[in-house]
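Two complexes, one shared chain (chain A), two partners (chain B, chain C).
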Partner chain A sequence: MSEIKDKVRAFVVENFMFGKDEGLEDDTSFLENGIIDSTGILELVNFLDEEFSISVEDEELIPENLDSIKNVTSYLQKKL
Partner chain B sequence: MSQIQANLTICNRCILPDTFPGIKFDDHGICNHCRREEKAAKKAFDKKAIYQERLDNLINDIKGKASLYDAVLAFSGGKDSSYTLKLLKTRYDLRILALTFDNHFVSSAAWDNISTIADVLETDLIRFRPPWQITKKLFSLTSREDIFSKPTLLRASTICTSCIGLVKSLVLKTALEMSIPLVTFGWSPGQAPIQSAILKTNPAMIRQNQLALKKAFPSEISQAMNQYFIPDFYYEKYKDCFPQNIHPLAFFDYNEESIKKDLNDIGWKAPEDTDTNSSNCLLNAFANYCHIERHGFHPYVWEIANMVRQNIIDRDEGIQKIYTEQNRKMVEYARERLGL
Partner chain C sequence: MNTKITISENHTLIHHFLEQSAGFFPDKTALIHEDVRATYAQINIQANHLANWLIMDQGIKKGDRVALIMENCLEYVVSYYGVLKTGAVISPLSSELKPDSLRPLLKELEPKVVISSPGFERLLYATDVTPFNIKAVLIKKPKLKWSSMPVEVFSWEEQIKNDEFPNADISIDESELASIIYTSGSTGKPKGVMLTHKNIISNTHSICRYLHLNDQDIQMAVLPFFYVMGKSLLNTHFAVGGTVVLNNKFAYPAYVLKQMVDEQVTGFSGVPSTYAYLLHRSPLASYRDKLGSLQYCSQAGGHMSRQIKEELRKILPEHTKIYIMYGATEASARLTCLDPDLYNDKIDSIGKPIPDVTLRVLDEKGKEVPSGQAGELVAGGPNIMQGYWKDKYATAKILDQYGYHTGDLGYQDQEGYFYLKGRKDNLLKVGGHRINPQEIEDALMETELVVENTVMGIPDELLGHKLIAVVTPKNKNCSQNQILEQCNNMLPRYKLPGEVIFVKSLPKHTSGKINRSKCLELITQ
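== the complex of A and B ==
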């Protein structure tokens, strides 16, 4: 669980926060806070696909699954 | 003087520069983005075949079932959207509605291409033109300020993001209102990940994105453009008929020269009045200039680096596209029209 969370956090910080982990809490909304934009969400999906070998279905592309570190981690736990 | 620093360090594999936010290079001078993509690159060929099959199946399912059109296409008249139209007509014979967003900076050569290609491919065309006053305010603002979230700056200039944000919104709105099951874009293989190349649009996600877009604009501009966004009640009214989003160039063969040749054969001519990264827009050089001035890297470098990484264009060509100074005459043309 912790390892998954760390990987997701590292990806988000490196790719969307220019390497600076400023104020990113586990429940910070990516979209509301402008951390990730619409294309970025798809890059996150790409990352989950490659890193965790899961396939994100169309109907799973919802904020409840992808819009924060906490949501992504819980989603991954269910998928893995 | 060149806008691009002479002492720039560039990734030895792609073309991302050391001014690109958050970039890191290893001992071999390879950037972290190239390293991250290595695993995906090995599977890219198979993935493209899977996506082609998925599109074939999707089109089998939807073709001819909607009352008016099978697809609405964001059609700029540039080479990528023109080629996408050709591909969808010739391979699938879809009923397509092409929608051209007239941002007041479409080159006259691009207008000729728009008419020619729409006629040759027997496609209905809508030209959507907001009044100049709104457009001028929008582009004047976005030429000076980065109003959108930081990650958008990695992929496009703020001027382009504002323009394409409206285009995305308008084509989706059109699809919902006319019950069109497919929304199509001509994104190049470097512009968006393949996972998004066939995707059912999700109302909750779209709503979040629209909110973020509207929130970014000052209220005066946001109110003036309100009718271009998805109205709130649409999310409930059309909740079961949000369309599929596709951008086929992500998984079909993409070679600029053969695309141009194919298009030339049906009457498309490469405009001579646009910059090296656009085949339709007279604002693009100025948008690039503003971005480079503020951020020290070219707004197309992410897209072109992705294409270099995927062996779609060679590295030297990528360097040529990105590390050549913007055409000063075109920069001044747009600046003058915007009264800046």
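== the complex of A and C ==
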């Protein structure tokens, strides 16, 4: 689990926070804190598709699955 | 059975929308945002407290500017109407601003007070408001140490109470300035569009009339209120005593759709990318049978391709009408609307001018051109702005004896319906041909291989411009050649993009409009 979390965190920090993870807690909302916008959500989905060989369905595009490191990690656990 | 009430159009000032609905429907839910459900009476009382604080504690007078930097929320709505009650000018600023882009706006606006929310406190702090003579900043739950700055910071909770408080009694004329809204503009610096109470009132009434809005309407608002189309959703529904549901998470469309079902939303509004996203990245199809309450969807904010319109018609419930509309910040919001009954017959049209608006197609000498011939769309009416704030030169360029020059090219058919042909300043010279990127963008959509795209020109020594298409493909395995091959069947050779760049999603503004300067950065990277 911690390996999954580390991968997700590294992707978010590298791609959306210019490599600086200041203020990014596991439960920080990506959208409410302006870390990721709608374009970014699709990039995140694409990363999950490729990195973990899963398929994120349209119905699954909800904050409970994708809007924080914690949510993404638990979502992946269910999918994998 | 509920009786639908359409409020008479006797508002003369923008905050009358709130005050009159608070009088007619004090206990009705006016606003829903996550766990917050606020009635008209509650919002009006809070707005009265804010107006009182601004006048008595901050010395706000008529004509003073108050800047608002906030996401859509209850406090936004209270602030908007509360500031207007004082006779001051409200200037909602984009939530996309960074310190470097916020400073010139604050310098130009000279606001006495800035109202903001926790999400923007860091931005204000980093901007360093010291040089701008701002007297006070009002923020919900301020967290940062402001003591080192020469500006007083007040907590929203301490100033804005919920106990009964009468409406402010300030004499304001409908011709006085109410709002300065900065346009994103594709090039150059943002310009502050000056709108009076009358501008906004007249446009709001026209929109209510053609959409047949009444107190039973429940609008899902995913567009930001600092964008004029978003703001018109607020004003129109408050004018008729309807309900506005705020959802700032359109990035998760399934979440928005679920709330539309739960709240029995009757109206949804978006820009072209909103609908492209709904069609291709959301479970809209599986919600078709659950959207029984959805009476209409409306679209403005630029040209939407025929491809998207046809797909949308197929996927939305049959009873849901689709309104295609056209407008501009300079027109307080709206200029035209297509009767939804003509959606299929006039699928490429933006319709006819809405009540009180005139629209003509003029040539470069200001002469009206015959139907079928293209020219610039020039508008008139009580909704047209007074000019750009502190920018007489830019004002003179687009407001003259003919009316408001929209900068949009278009034509009228023989029945008087208008059609858009693209932006005047987007025309590109490619190898001696004058090319309208919109035509190529539409062809790319027609291939059915593309979710969204934009076509741009980059300077080229040989051709003048080289055409580049930035494209989000529907399918990962799609190739550049597949797309070009299909375009080749629809376009002459010289209109084919020289290059197709694939992106996962086009960069956008918070309003959902495509961010062309960011697209250009992608091309030149």
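Here, the second predicted complex is superposed on the first by the 80 of 80 C-alpha atoms of A that agree within 3 Å, B and C clash if a C-alpha of one lies under 4 Å from a C-alpha of the other, contacts with A are read in each partner's own complex, and residues count from 1 in each chain.
By definition in this document, contacts are C-beta pairs under 8 Å (C-beta built on N, C-alpha and C of every residue); 3 or more make two chains touch, one makes a residue touch a chain.
Keep in mind it's a predicted model, so treat the numbers as computed, not measured.
When the two structures are aligned on the shared chain, A:L61 is found in touch with chain B and with chain C. When the two complexes are overlaid on their common chain A, residue A:G19 makes contact with chain B while staying clear of chain C. Of the two partner chains, chain B and chain C are each touched by A:L42.
In the superposed model, more residues of chain A are touched by B than by the other of chain B and chain C. By the touch criterion defined above, A:G34 lies against chain B and chain C together after alignment on the C-alpha atoms of chain A. Residues 31-32, 34, 36-43, 46, 58-59, 61-63, 67 of chain A are contacted both by chain B in one complex and by chain C in the other.
If you check the complex, the residues on chain A that touch chain B are 14-20, 31-32, 34-43, 45-46, 49-50, 56, 58-59, 61-64, 67. Remark: chain C residues 119, 248-255, 258, 277, 281-283, 286, 504-508, 510 touch chain A in the complex. Those residues of chain B that touch chain A in the complex are listed here as 21-22, 24, 32, 39-40, 148-152, 155, 192-196, 199-200, 202, 204-205, 208-209, 211-212.
Of all the residues in chain A, the ones that touch chain C in their complex are 31-34, 36-43, 46, 57-63, 66-67.
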